[in-house]
Structure formats: structure tokens, C-alpha cells
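Please find one structure pasted underneath; my questions will follow.
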Amino acid sequence: MTVVDTSIADQPRYDCRDAYVETLAELAHEDHRIVGVVNDSVGSSKLNSFRKAFPDRLINVGIAEQDMVGVASGLANGGRIPFVSAASCFLTARALEQIKADVAYSNTNVKLCGMSPGVAYGELGPTHHSIEDIAWLRAISGMTIIVPADPVETAAALRWAAAVDGPVFIRVSRMSVPQVYPDSYTFEPGKAITMRAGNDVTLISNGTVLWRAMVAAEQLAAEGISARVLSMPSVKPLDVEAVVAAAEQTAGIVTAEESTIAGGLGGAVAETVVQHHPARVSILGIPEFAPTGSAGYLLDRYGLSPEGIADTARRLVS
Amino acid sequence: MSKAALSVEHTTMPLLGRLPAHSSRAEQVAHIAEAARQIRIQDLKLVYHAGAGHIGGDFSAIDILATLYGAVLEIGPETVADPERDRFILSKGHVAGALYTTLAAFGFLPITELATFLKPLSALNGHPNRTKVAGVEANTGPLGHGLPIAVGHALSAKLDVSLRRTYVLVGDGELQEGSNWEAMMAASQYQLDRLTVIVDRNRLQQGATTKETNDLDPLPEKAAAFGFAVVEVNGHDHGELLDVLSAVPFRPGKPTFVIAHTHKGHPVSFMSNNVAWHHKVPNPAEYQQAMTELETVGQPRLAVSPRLDKELR
Amino acid sequence: MTVVDTSIADQPRYDCRDAYVETLAELAHEDHRIVGVVNDSVGSSKLNSFRKAFPDRLINVGIAEQDMVGVASGLANGGRIPFVSAASCFLTARALEQIKADVAYSNTNVKLCGMSPGVAYGELGPTHHSIEDIAWLRAISGMTIIVPADPVETAAALRWAAAVDGPVFIRVSRMSVPQVYPDSYTFEPGKAITMRAGNDVTLISNGTVLWRAMVAAEQLAAEGISARVLSMPSVKPLDVEAVVAAAEQTAGIVTAEESTIAGGLGGAVAETVVQHHPARVSILGIPEFAPTGSAGYLLDRYGLSPEGIADTARRLVS
Amino acid sequence: MSKAALSVEHTTMPLLGRLPAHSSRAEQVAHIAEAARQIRIQDLKLVYHAGAGHIGGDFSAIDILATLYGAVLEIGPETVADPERDRFILSKGHVAGALYTTLAAFGFLPITELATFLKPLSALNGHPNRTKVAGVEANTGPLGHGLPIAVGHALSAKLDVSLRRTYVLVGDGELQEGSNWEAMMAASQYQLDRLTVIVDRNRLQQGATTKETNDLDPLPEKAAAFGFAVVEVNGHDHGELLDVLSAVPFRPGKPTFVIAHTHKGHPVSFMSNNVAWHHKVPNPAEYQQAMTELETVGQPRLAVSPRLDKELR
């Protein structure tokens, strides 16, 4: 049995919103075009310091998500680069037609930042869980969808988004996560990152679940199962090559994400393998309107813990 | 002082009932006042021991909830599924804690069940769920949903030629959602005069005042231009609330828009009208002080801020 | 070469909205609880006659989709059975949070009828195309999703929906289609219908594309390729058994639908096969914001014609 | 008479330009009138030969479009990408045909390109697309999108301390969408006095009158309560339109809400104020009659319905 002595599970944990606001402030200092747009979500987006530094450049439209996204589109028309910051559940559910028409189809330079996504709001329940956001946005053409896994990747994704012209959606996690990338990490769309090499089975994950998949791989390694871990921050465009390689080279794929099991990262992977190289995929996610419980409780319940992911992988290779 | 996790020991509220039908107005007002006091005490325990909740908005709304369930709504534990019951829809679903406590106070759920608030698999989620809690009419939480639902229900009553009434409680910040104004146009178009919209006008939202964020004023003019009969009351005065909420229809042919002037966190001195208490949880010292204030007043003190006094009719 | 002399392609064509209004009126006669709810869409839903017959029971909330779905939820609370009738693009994009919270999560007895879905609005462009609706709704728990293929199935799905207690979404096609089912057809959720037996390849389709898949199978048969055609009106719940059988018994599956290629019927089939029996699947649909063109032009453009479907099937078996 | 499919032969409109800056008001009004007449004639050809379009709403809005592009907006083919250009957002995107024709009339696209209207792969879709047509600012079509976008642009101008102006044209039925009222609250909160909302107040929507559907009245009171300076004009009177649309800010500190009273289908006798013409296509006889009416009036006749006359200030 291999001794795992520097498990990622033992590292300090970070709320990615902190990296978010820090990076947004840096970007705003560098580029006067950058503004924030919120729906009374200054506090929940941790933007109080940003507002202090740039009082005119934090636009609070009130509790009005449709207007929020429309306003962002108009700001982009005026040459600004708006970063919309709102709870992902409301941003995507309430303003979906604005996202489709005013952002994606209009190809405006709007960055949508879905805060506290997945089941981060735990006990606040399914109305506040944003497990559908990825599937909803994936169905819309022209949108880049990024689910960063740690503060470094959150910052890198923001920097990348600020530099490209066009619509980007970034999930910004609230549930704390360890740092999984080196400080030098830069984000590249459509590229998976191999967090761990392996040839028996592949774990594909992103966001708050990635480190759990990495710990699962540690556990599997201790049993002699060599799990490849692919980080897939870019849900769209997807790294088709990396997925196909995993399908070809390992016995199967486990996808694990803080999302619904219908149409999210798991759906994207499934659509890819059936069209390129059929393979077994187990899709882990949130399959229902979750009952009451904390975010951690819910992740465990749905097998999104290291143990749950490892179990699923074991079943796949057995 | 260390804090114990929420348990049945913290569910100490007495079970309150409806007064007999022939009770005087004074008796009713006293009953509502005592109910509101008990609900606040219990709700404070819930939030403190569960370590989560929206106490500012809870306390802002409790006098309205106590008035509705204590003396206005034709609904009780035994008629909770009666098609002809009055409907109350809590649109500002983040004050689920206040709603559960009120429902428990009036017998819709066992008071001891409050001990499960926010716990794994509890029916008492952070936002109300009609499929799990008797007495809840709609799964709210995202703002701006309750008013359209209330309009739908009021329409159903009208189609049924029924006298059942529909009440919906909305936050003032919540009125920034356009869905409300869609619903208000429709309510007026369909002349839903048995629909009463109650605005918890505490002038605070999540992060700031409504005025700083996206001013609702002149709110009475807005509602009137959308075809509503508008009436303003002190939202912590049980007598005023009782009179206005019982007056259905308020103006025949028009839906009613009750602007209930309130304070978030009322009547706790350090919470009242303080935006910080939107979803803050008291520390032990704050808990003790709040509890003392709630227990020592015979009934919730009326709002004292000069702003509020000036603005009331 | 086999002579195909009674091709479904030569049958008369019907606008399913006619079956829709006819059935809705019948249901309304039978059950006083049934009401219609529209967003100024009386004409586009062909509900003028319904309004004449039931003036009080057609509720027009104006151009206000959020209110429309909220009102429907409230009507259901009052014991009514509302059939919401609106262009599918606006119904699903504009009222998605209401569909999630007020209908699906609240489990209210609301029937959502998405009119003129897919690319039926042709030249009116992507803002009016409803290619995302299926993927959007599939991501939400608790929703039954039905895509009828002809007037008979439209009527049957409506009758079924009226009889069950709970949320149902039905797509009602505008683009005319031949009758593909016998008059005696009854709808069953979660059940595929074998329109044609075959063992070389399977075509899975629904809605306006089903008859095109049937014609494709005729063309393939003429070349000696035996194509199984599965009608899949029930996108959720999906007939897992039928999909798995197709994966096991034929060389691969072609899904063909008037929807986006990300997360629709194709996505549902892909997610099913990778988890049960990996197989090749070719997903045909609308992969982008479509350029200007009529509905027919666009279907052809994206390979959703009989020829396009047959071509894809040929590539799969070759 | 058989109808030919739309081709370049049907793109007969003369290219119109802006008048020199020193032109008199009378010259400007005459110029707008002639532009509106030409745009209507060309638009009628488009809809007739393409066999699709929204002619009722087109004709309702053309006088407003001609006024804006003919004499108000600081924008032209050469400044179409100038960051400091004025912005016009067509929120009622279903009248794309009127917008394309107007843009062609003023040189933003070749007049002959109108022949591609609705054809496969044409840039001229049934709803405007900013990525394909120079001069289009937003991809509208779903109602209730343009006003929030306009607010966003007006905010950007304010942040830039720029004098550029923002205009948005909304349908009256469109105002039933709550997103508009969200945007209006924000516009007033941010004191966007260089934003002008123009309502095409033709009192008809897709299937019926606004009054039968979901009444907007009292519309001036609604807009005023939402913080706008409200002004009503005859939406077919080029002089009135020119004066009001040039007056920016109309009231310093407040966004402007111009209620332009119009008739759908104006000025064609059998289309005017007739809900059937929302998206009907004329048959050959109707086409001839409409063309005769458009060609024989020197400039579009002002509205003559007693209702309209009575209601104008």
C-alpha cells in the first residue's frame, strides 16, 4: 500500500470569491473599461472593497437580473467590459433569454460570473442551488463556459476572459477548495489539464469537485488502481482530444461535478465519446432537487466525495 | 457562554389558537401582539441555535404574519387542504423561519418540529416547500415569484365565483423584480379585488437601503398607476394591520396594495433598521440582549424612528 | 432496388396546432378545471375558437411570460389545470426560473405547451428559434418532456397530460407533418415506439423530424441497409431499455431532432448508452445560431432531411 | 396579377442623405416627410414581394425612424463604428423591415441589398442582427430587451462623461414585459437624462388592443411614477417628433419617456388601426391600393381618427 503523505485534502482551503474580487480589482486598475454589474449582490459577491476602490464602476441595478444582463450588454455596446456578478442560480435562470439574445447571439463582450454555484447555498435549498447552469448555457451557441477549480484558476480564467472579446461564463465557487494548480498556471480554453497520469480509469472533473477527484485517485492508487485525473475547466469548448484519449487508453471515465447529471460536463463527455470513441462513462452529479442539507452533506449524499468518486471508479474497472 | 446546537429544548413556544369568532377587536389585537412576541422569541432561538436565517426580514414581517394567521386568514390546521381556504403566499421566501414559527404557533406543524430547521433531510428548508410543509402555498426563495402566483390563485377564485381571498407578502427590495409589475398589470386588468398585496416596506434590502440601490419611491404612485387601491399602514401596529387586512375588497373592482411601513429587525434595538442584520446570526451576548428586549416588552414596541413616524399617514 | 410506393413522404401534412386546439377544447368540455393561459399568443396558438367557446377560461396575461407561468402555478393552486400556450422560445427562455421553482420544484399541476418550437419560425431567426428548450428543461428535475411527432400523438399527449397530476412540457409543432401513428395511438411516458424494425442501424427521432427519419429508413432499405426507427416522444423519462437494445443490437444510433446538439434528445441518448452499453451515436441537430432561411431550408442545411439522415446512417454503418 | 419574388427590381428607393447642418426646421420636416414616404413605399414592396413581415408595426414606427435617422441621430454610414455616435436601439425588433429600409435610405447599406430580405443566408433576417448589419445596435426580437440595453449604453456614456445620446423604440404591448420596468427604475436611479424612451403607442399588440389584453393606461402616470419626464406627441407628426426628440435632456436629471401616439398601418386606409395587419401580407389588390395611397399623398396623412385627435395634448 502506497503511503499518501501530501494529500491535497490536507492543504489549506480558499473561497474562490476572494481570488475573484482581487483579480477583478487588478484588472480594473489595468483597464478602465472594466466595470462590475450586480443585482444587490455586492456583499454575496464580496465586492465591497471593489466598490470602495471604484465607486462609479460598480453598477448595482437592484434585484433585477434581466435588467442586469441587458444593462451589461448595453455597457459593452458603449465600449465597457462588464463583469456581471450574481448568484449563478438567479443569473442563469432569470436572465436566460438575455444571455441568449443580448450576450451570446449578439456576441457582446460581456463576462458572466456565476457566484456560489452548484449546491454552495446548501440549506437554502434547490431554488438557490445552481446545478442546471452548465447544462442551460451549454445549449446556447457562442458561449465559453469555464468552471475553475481553485483560486489560481479563477484568477487565470478572469484574466483570460478580460483579454478576449466575446461572451464568457465563469463559475466562481464559494465552497472552499485547496489550491490545485501552481501559481504560474494560465488558462487555455478547450484544454484539459492532466492532474495525474494513469491508465486504468479516468476521472474528469472541475470546480469544487476536482480536488475530491484527486483525493479519490490517491485512494485508488493505494489499491493499485491507476486513475488518470483530467481537470476540465473549459466545459465549452471541450477538449475532445483529451476525452477521446481517455476513452481509448483507459477502461472508462467517471465525470464528477457539482451539477445536474443531465446535460452538464457529464453530458458533454458522453456526447463526445459516443461520437468519437464509445466508452463507458459514469456520470456523477446532483440527480434531483436536493433535500435540506449543507453543501458538504449534499456532495457526500450524491457520491461527490473522494470516497464516492473512488467507489464509482472501482465499479467501472471491476 | 457556549451555544448549543438547535434541539427540541429550544422549541418553547406555546401553541396559540384562533380566538372565538365573537372576540372584540381589542381582544384580537392583544392576541396578535402576544402571538407576535412569542413568534419573535422562538424565531430568535431558531436562528441563534441553527446558526443561520434571515432575522432582519423575519422580524420586519412577524407582525404581519401574526395578524394574518392570528385573526385574518380563514385557514387553520384542519382546513389546510380545503379548496375554499384563504391563501397566503410568502413571496419573500427568505423569511421561511418566521413562516415556520408562525405556522407552528397556530398548529400547522408540531412546535417541536422547529428543532429540525435547516437540518439534513428536514422539511424545514431555508426556503419554504409546499410539498413538505402543510400550510405553505408556494416554493418561494427567488424573489418576484409570489405575486404572479397570487394573481393566478385570485383568478382561480374569481373563476370559481368564490369568496376566498388571496394575500401575498413581498419585500420592498423584491419589487425591483419586473415580474411583480407584470403581475400587477394583470391583477388590475382582471379587477382582482380579493387580492391583497402587502409590501414589507422596511426600506432595506440585502446590501443597502432601497433608496441607495434602486429607489422604489414614489411607491404609492407606482402602485396606483398600476391600478391598485393603495393604503399605507404602520406594519408593526396590529390594530392598523387588522383593520386593513380584514377589509376585502378594499375598493371594489381594484386589487389592494398595502404598504406596511416596517423596520428590519424590529423591535430589537441594535438590529432595528440596520442592514447588517439581513442574515447575520447573533453572538451569545447579542442573543441575550435581544432575548431580554423581546421578553421584557409586553408587546413589540412600535417603531420610533422619526423617519417612520413622519411618513405614516 | 425496392420500390417504395407508399412513402410516408407522400401523405397529407398537418399543423399539429390544429390537433392541439381541438383536443384542448374537448378536454375543456369534459373537465371544467381546464383553462388556457397565454401571452398575447391567442392567434399564434390558434386559440381563437377556444376563446369563443370558453371566454372566461382563456387567460391572456399580456406579453409577460414570467407572469404567465406564475399565474398558471397559482391557478393550479386554486384547483385549475392550466395549459400554458406560448411560443416555446419565449416560454422556456423567459420563464425558466418560474418553470423551475413554481412548476417543477413546487410540483404543481401545470401543463406547458411550447408552440412552434425548433426552427419553425424560420426566417424570424435564432431569437425565435426554440432549439434549446429540450436541453434546458431536461436539466430541471421533475419535468416530463414530450415531443409529439404528428397530430395523433399531439392529441394523445395532451390527453395523457390532462389526466396526470404534475408538471408536463409538450412541444406543439407548427411545421406540418404527415400522420405517422394509427388513430388508436395512446401516449405512454418513457416508452419508445418502434416505427420500423431493423438490425443494421437505429434512427431515434421525434417531433417534426420523425417522418423524415422514416423516409430515410425507406431509402436505406432500398440499398439493403435495415434501419430500425424508434420514435422517442418521451425525452424525459427516456426509454432506457429501448435505447440499450438499439445499442446492443445495431451498429450504432443516429439521433435526429429539431434541437441543439448539446443536451437534447441526442444528449439524453448519449448519456444513456455510455452508462449502459457504449455504442456509436451520431447526433443530428442545429449546432449554431442558424442563418436566415425557412424552416425547411434550415432542416436541410443541418442534415435533418431524409437524405441527410440516411447519409449519416450510411457513414455510421460503413 | 401575379406576384414576383423579391428581387433588386423591387428596390427602387432613392438614397437620401442628411440635410446640411444649417437647414431650417421647415426644410428638415419636409425632408423627414419625404423620407418617411419613400421608406413606406419601399417597405411595402419588401413585405409584399418577400411575402412576410410586420407591416402594421412598420408603418406605425416609420415616421419615428425617419425623424431619428433623417434629422436627430448623430450617426451616419461613415460614423457607424464611431464610439461617440448616438445609439438607436430598436426594441420592437419585429419591425426589422422598417429599420433595414430606413438604414438603406440613409446609406448604411446598399439599397439593392434589401432584395435579400429574409432570403437564405441573408444578413437581413426577420429580426435585426448587429453582427451582420451595420447600424444595428442590438439583436432584438424577443420583446422587452431593448430598454435594459439602452440603459446600459446610457450608463456607459455617463461613465465616459460623453454627450452621446441613447434612444430606444419600444412597442406599447411590449411594455407589458416586466424587464422594461426594471430598466426604468434603474434609468431613473442613475438619472440618465440623455436616454430617451420612445413608445410606439398604437394601442394594438399582436392579437388585440392593449386595453383588451393588459391595459397600459394610465401610461403617463406609470412612467412618471417610475421617475421619467413624460411627453406625449403625435407619432406621425414629423415636426412634433423632431422637436421632442432633439430636446435632450428634456428635463435635466431625468430620463425621457416620449409617448408617440400612432396608428398601426398608418396611413393606409384599410390597414390603419386594424389589428389584422400585425403581420398580414397584402394580396395584389391590397398592394395596389396601398401603393396608390402612399404615392398620391405628398406626405403621410396625419392620423384622423377622433380617438387619436382627442387624446393628443
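By written order: A, B, C and D. Residues from 1 in each chain.
Methods note: contacts are C-beta pairs under 8 Å (C-beta built on N, C-alpha and C of every residue); 3 or more make two chains touch, one makes a residue touch a chain.
Heads up on the chains, UniProt names are A, B, C, D = Transketolase.
Computed from a predicted model, the values in this text were never measured in an experiment.
Any chain touching subunit A that also touches subunit B appears here: C, D.
Inter-chain centre distance (subunit B to subunit D, centres taken as mean C-alpha positions): 45 Å.
Averaged Cα coordinates give subunit B a centre that lies 42 Å from the centre of subunit C. Chain geometry summary: the mean Cα position of subunit C and that of subunit D are 36 Å apart. With each centre defined as the average position of its C-alpha atoms, the distance from subunit A to subunit C rounds to 31 Å. Among the residues of subunit A, those touching two or more other chains are numbered 61-62, 64, 66-67, 90, 93-94, 97, 101, 105, 127.
For subunit D, the set of residues touching two or more other chains reads 129, 139-142, 144, 176-179, 182, 185-186, 189, 213-214. Because contacts link each chain to all the remaining chains, their graph is best described as complete.
The part of subunit A that touches subunit D in the complex is made up of residues 35, 56-57, 59, 61-62, 64, 66-67, 69-80, 82, 97-98, 101-102, 105-107. Of all the residues in subunit B, the ones that touch subunit D in their complex are 176-182, 185-186, 188-189, 213-216, 218, 221-222, 224-227. Within the complex, the subunit D residues that touch subunit C are 52, 93, 118-127, 129, 139-144, 173-174, 176-178, 205-208, 213-214. Of all residues in subunit A, only 90, 93-94, 96-97, 100-101, 104-105, 126-127, 131-132, 135-136, 138-142, 236, 260-264, 266-271, 273-275, 278-283, 287-289 touch subunit C in the complex they form.
Residues 40-44, 60-64, 66-67, 89-90, 93-94, 121, 123-125, 127-128, 291-294, 297 of subunit C touch subunit D in their complex.
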